[in-house]
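Several structures are given next for inspection.
Look for subunit A in each of the two complexes below; its partner is subunit B in the first and subunit C in the second.
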Partner chain A sequence: MLEHVVNGLVLGGTYALVAMGLTIQYGIARIMNLSFGDTIIAACFATYVLFSAFSISPLLALLILVPAGYGFSLVIYKVIMKPLVARAPDEGALEVDSILVTFGLLFVLQGVLLTLFGGGYNSYSFLNTPVNLLGTVVAGNRLLALVLSLLIGAVLVLTLYRTRWGMVLRAVALAPQSAPLFGIDTDRAARTAFAIGGAMAATGGVVVSMFQTFTATAGVVFTMKALIVVILGGKGSVPGAIVAGLLLGLVETFVAAYIDPGLTLAAVYTVFLLLLLVRPNGIFGKA
Partner chain B sequence: MTYSFAEAVGTARRLMTCATAAAVLATAGAPQLWAQDAAPVTIGYAISKSGPNAGGADMTVTPNYELWVEEVNAAGGLRMPDGSQRPIEVIAYDDRSSAEEVVRAVERLATQDEVDFILPPWGTGFNLAVAPLMAKFGYPHLAGAAVTDKASDFVKRWDSSFWFMGGSVDYVAAFTEILVAEREADRINDKIAMISVGDGFGIDLVKAARPSFEAAGFDISYDKTFPPETSDFSTMLSEASNSEADTFVAFSYPPHTFALTKQAKVASYSPPVFYLGVGAGFPVYPGIAGGSVEGVMSLGGIDPDNALNAAYRAKHEEVVGRAPDYWGSVLIYASLQMLAQTIERVGLDKEAVAQELSTGTFSTVLGEETRLENNQLRAINWVGQWQNGQFVAVSAEGGPGTKPVSLPKPAWE
Partner chain C sequence: MTMKTSFAFALAGLALVVLALAPLVLPDYWTGVLLGMTGYVTLATAWALFSGPTRYVSLATVAFFGVGAYTVAVLNEVMPYPLVLLCAAGIGMTMALLVGLSTLRLAGVYFVIFTFGLAELVRQTVSWWEVNVTYTMGRYVFLPFEGRHIYWQLLVLAAVTLLISWAIGRSRIGLALKALGDDETVAAHAGVDVTRIKLLLFVISATIITLVGAIQAPRWTYIEPSIVFNPTVSFMTLIMALLGGAMRLWGPLVGAVPLFLLFEWLSVSFPDHFSIILGLLFILIVFVMPNGVLAKFDDLRKGNRA
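Our next item is the complex of A and B:
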């Protein structure tokens, strides 16, 4: 029983880590980033190259790739998203436009990765060491994903709810039209939020690459999973993403242990459906 | 648009081992110049360069197509019955891992591009999808990366189809034979823990495995199927471990195979027999697993003492930049060698080529006298095991081309 709780939380940690960036991008910058998973895959490949060609530990790679993810997303926002934001008459239009544009971006990123690395499977071993957690042996790299997601989640929540800067971001998330009336630079806030999301995607990519096999075209799998977590948790809610991510991990593990491993996906979507029926805006979503 | 992009990607991957995107653009458009003026033989194929099948195709099929074309063209081209030589010109499409797309692309190759020969796509399902079309347009279908027990039926339905990778029953029967011998030697108990991916390969293999294991008197104490998206196996491994089976079998795809290995290491789960699916025969497997994989078993395997195979592996590594896998690659390559030799004997007439493939004897990387039985290649290594850093073909006692299996598997390092 405890074994399954631990395994479920460790698996859920990965889901939460991957979903947090998307929820911030969607919640604050109001951009539904369909190329999010491909940003994660790009980070996976970057880690792989740094590790295999330059012998840079993936932990050190975090120091390089997280700022790189921030910078990359900042540039993407300035070059591609800014014109959309500027011309969108309302939030709905921006969401539709951003879905279309990031859908295209998905294929650009995928094409570049395919050209550079080919379509093959990539994987390596790092930190695949047994760690005893409450009597259950878990992989060090997966535990790292859980610890990082909780740590980053805590930092984000503290920043968003305890600092002036966080308040600015929340104000933009809540009322993008009214925020400028209080002297808030909404464009800057959205830009920063989008870039933070990119940095989180990079973090997820670095950690995930340690234990999961990835291909140049696997990004959509991550986007899908992250989307479920984001919608389940309530869009824009960091605590929601963490709770929903851990919940999915627990559901998958318990179903695999007590019912049938073949039903894990069905169980995830059942939980998804049931929760949306009860709380259409997600666990932490506001009506 | 998609097509030209896919071709550019293909060309780029042929021409470079490591180059920047800019260099790719520069080289991708450059026409290949031939020393001779002979009209080229056009060979077309649709293969998964993107989508979920790209990983498998990129390991087993595409590199061998590229290697073979490069080798043939470097030697002056395909030899015709009259002794002249004609270079190969390739038309390649990306089927984007979609069954509709592969059918459309093959139809296009046959009707619009009117290529001389069509090479098959990757995967059992995709080969079955294009088989009726290939037969309709009269193209010999050298189904390489396709595992099917129905090959004998298919060759009746499509008499110009050829099957090079055997069927699930063959692989499972050879493995069961080893298990029975091990049990008789009292090295393993009669329990088997088995998991399988709920998709083509896994379903096919597990269907063959259940009756085969049970008929041999084994008790399948844990038998579960998991969805292809699964990435975490810790629960399944601990249940398998609790079942006290000495034999663990997973009919898995590469991402699962890699994850299973890593997680079995973490959990120190090392049963006497540890048998995994696709991916365990990839040359990158020991590196991915992070150290020794001694004793791990899977499908395929090579005879390390076979000089022809060793030469092929060296050439593959030189041209493609990485080693071929230890299972399907060599079979695909052999099928291409057979095609070239057939053309040398009978020319480009499709019907004559099919006839000669069916009845002829060929000198391939598999041996000096390779021939098909009922349009099927049977000289296949069914079970392989990692021994001293190589994935070698094994059988219970060893024999011509196979080493004796070495069990129990030593503990993970």
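Our next item is the complex of A and C:
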């Protein structure tokens, strides 16, 4: 029982981590990014290559891949998203356009990964030593993943809620029309938010690759789960994403342990639908 | 019926006859191409039937398509073929009702997200069922059909779909739909039962898509979840409908025909980079023509090159 709670929290921690990135992109930059999961998978493969070919530890890989994720997303925003933002007459139109464009981007990223690495399962062994925690044995890499997720989540929450810079981002999320009246550069805020989201996706990828096998086509599932967490937590809410992410991890682990591992996705969907019907704006969302 | 409509009907009927006779003179390869093309014309038209006027972008085409194909794979040895098709349609309809009832009341973006994952959900559930309950992975379809038999069935379905689309466009529902597409809130206040109309269209569209999958199933002979739930199907349907213009009767057809030929050529010439090219093409389409080719033509004719 306790074992499942720990495993559930580890899994939930990574979901929370990646969902934070997506919720920032969606809440602040107003871009629904369907290629988010493929960015995560790309980071997984990058870590894999760095680790197996250059024997760079995943922790050091973070130092390379997080800025890379930031830069990559910044370029994507400037080249692809900016024209869409500029031409969109309202928020709904931007939502549809961004969904369609990132759907295309998903296929491009996936295609590149498939060409480079093929369609097989990949994994590497890092810090696979058993650690005793609260009477149950957990793999060291999983524990590290959880600690990293919580740490990064905490840093992000503190930045968003305790710094001036974070306040600017939150202002844009809350009132995109009024923010410019207070001298806020919304375009810059959106650009930064989208890039931070990309950096978070890269972080998520590094963390996930430490303890999970991954395939070039697994991006869709990650996007899906991150989206569900974002919606459950409430669009743009970082604390919501953390709570919903942990919840989703626990649900998955318990379903896998007590019902059937093959039904986890179905269970996640059921939770998603039920919560949507009861609270259409998410756990922390405002009506 | 006005002169113009009767003329259009006669022309469409003539085209249908020519297309139906084509396999008798064409070599098998080209019958196969026509078959695939008719399949996508039907898929794109059915997709646009719901997503065009409501602007609810459905990414779940392959979920229904795959369910149709899989139903045939499971039932083809147990019952006569027409009954199998009926079953497939029934299952697709039920699934669409369930999905529609639970998501169509919500904002459009929730619907998009739900449909985005639906294919994966259905695929995993079917795989789980096959592994744990029936102990089979992969099934064979043995039906005495050649390419042209499947093609004729698809041609009928395509004609029916276009007819439905035309009829809806002229009915009260079509009027309600136009209002709904312009502004959902206003439509609701004007007395349009928004959710019911959306549900009705979604069910019709999904049932047709399921049937396309069911009719095409014998083409594969061997079927397993990863083959019939291939997300590329959703993707191509979407591009075709968008390129041609999802708001027009002939739009999806105009988009599907050239794109299908292009994809056919691409998948033969660049099998390894197919999905990259597909993705780039898609991004390009969204950029250049957000309202589709036909709308672009209209713009050009009116002279306002926006």
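Definition applied: the second predicted complex is superposed on the first by the 273 of 287 C-alpha atoms of A that agree within 3 Å, B and C clash if a C-alpha of one lies under 4 Å from a C-alpha of the other, contacts with A are read in each partner's own complex, and residues count from 1 in each chain.
The criterion applied here is as follows: a contact is a pair of C-beta atoms (placed from the backbone, for glycine too) under 8 Å apart; a residue touches a chain by one contact, two chains touch by 3 or more.
It should be emphasised that the depicted structure is a prediction, and the values quoted were computed from it without experimental measurement.
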Overlaying the two complexes on subunit A, which is it for subunit B and subunit C: clash or fit? clash
Which partner does A:L151 reach: the first (subunit B), the second (subunit C), both, or neither? neither
Considering only touches as defined above, state whether A:Y121 meets subunit B (first), subunit C (second), both or neither. first
Between subunit B (first) and subunit C (second), which does A:I231 come into contact with in this model arrangement: first, second, both, or neither? second
Figure out whether A:T129 sits in contact with subunit B (first) or subunit C (second), or with both, or with neither. first
For A:L273, is the partner it touches subunit B (first), subunit C (second), both, or none of the two (neither)? second
Examine A:Q212 and indicate which partner it touches, taking first as subunit B and second as subunit C; both and neither are also allowed. first
Per the contact definition in the header, classify A:L2: touching subunit B only (first), subunit C only (second), both, or neither. neither
Once the structures are superposed on A, label A:G111 by its partner contacts, choosing first (subunit B), second (subunit C), both or neither. both
Which of the two partners, first being subunit B and second being subunit C, lies in contact with A:E252: first, second, both, or neither? first
Quick one: from 74-82, 200-208, 236-244 or 290-298, give me the piece of subunit B that collides with subunit C in the overlay. 200-208
From the superposed pair, tell me which subunit A residues show up as contacts to subunit B and also as contacts to subunit C. 110-112, 114-115, 221, 260, 262, 265
For the complex, give me every residue of subunit B touching subunit A. 5, 9, 12-13, 21, 24, 48-52, 54-55, 57-59, 195, 198, 224-227, 229-232, 234-236, 238-239, 254-255, 258-259, 262-263, 265-268, 279, 282, 284, 287-291
Please give the residue numbers of subunit A that touch subunit C in the complex, ascending. 32, 34, 80, 83-84, 87, 92, 95-97, 99-101, 103-112, 114-115, 220-221, 223-224, 227-228, 231, 260, 262-263, 265-266, 269, 272-273, 276-277, 280
In the complex, the residues of subunit A that touch subunit B are 3-4, 7, 10-11, 110-112, 114-116, 118-121, 123-126, 128-130, 137-140, 142, 211-213, 215-217, 221, 252-253, 256-257, 260-262, 264-265
Taking the touch rule as given, give the residues of subunit C at its contact with subunit A in the complex, in rising order. 55, 57, 59, 102-103, 106-110, 112-114, 116-117, 120-121, 124-125, 127-128, 131-132, 231, 235, 238, 242, 272-283, 286-287, 290
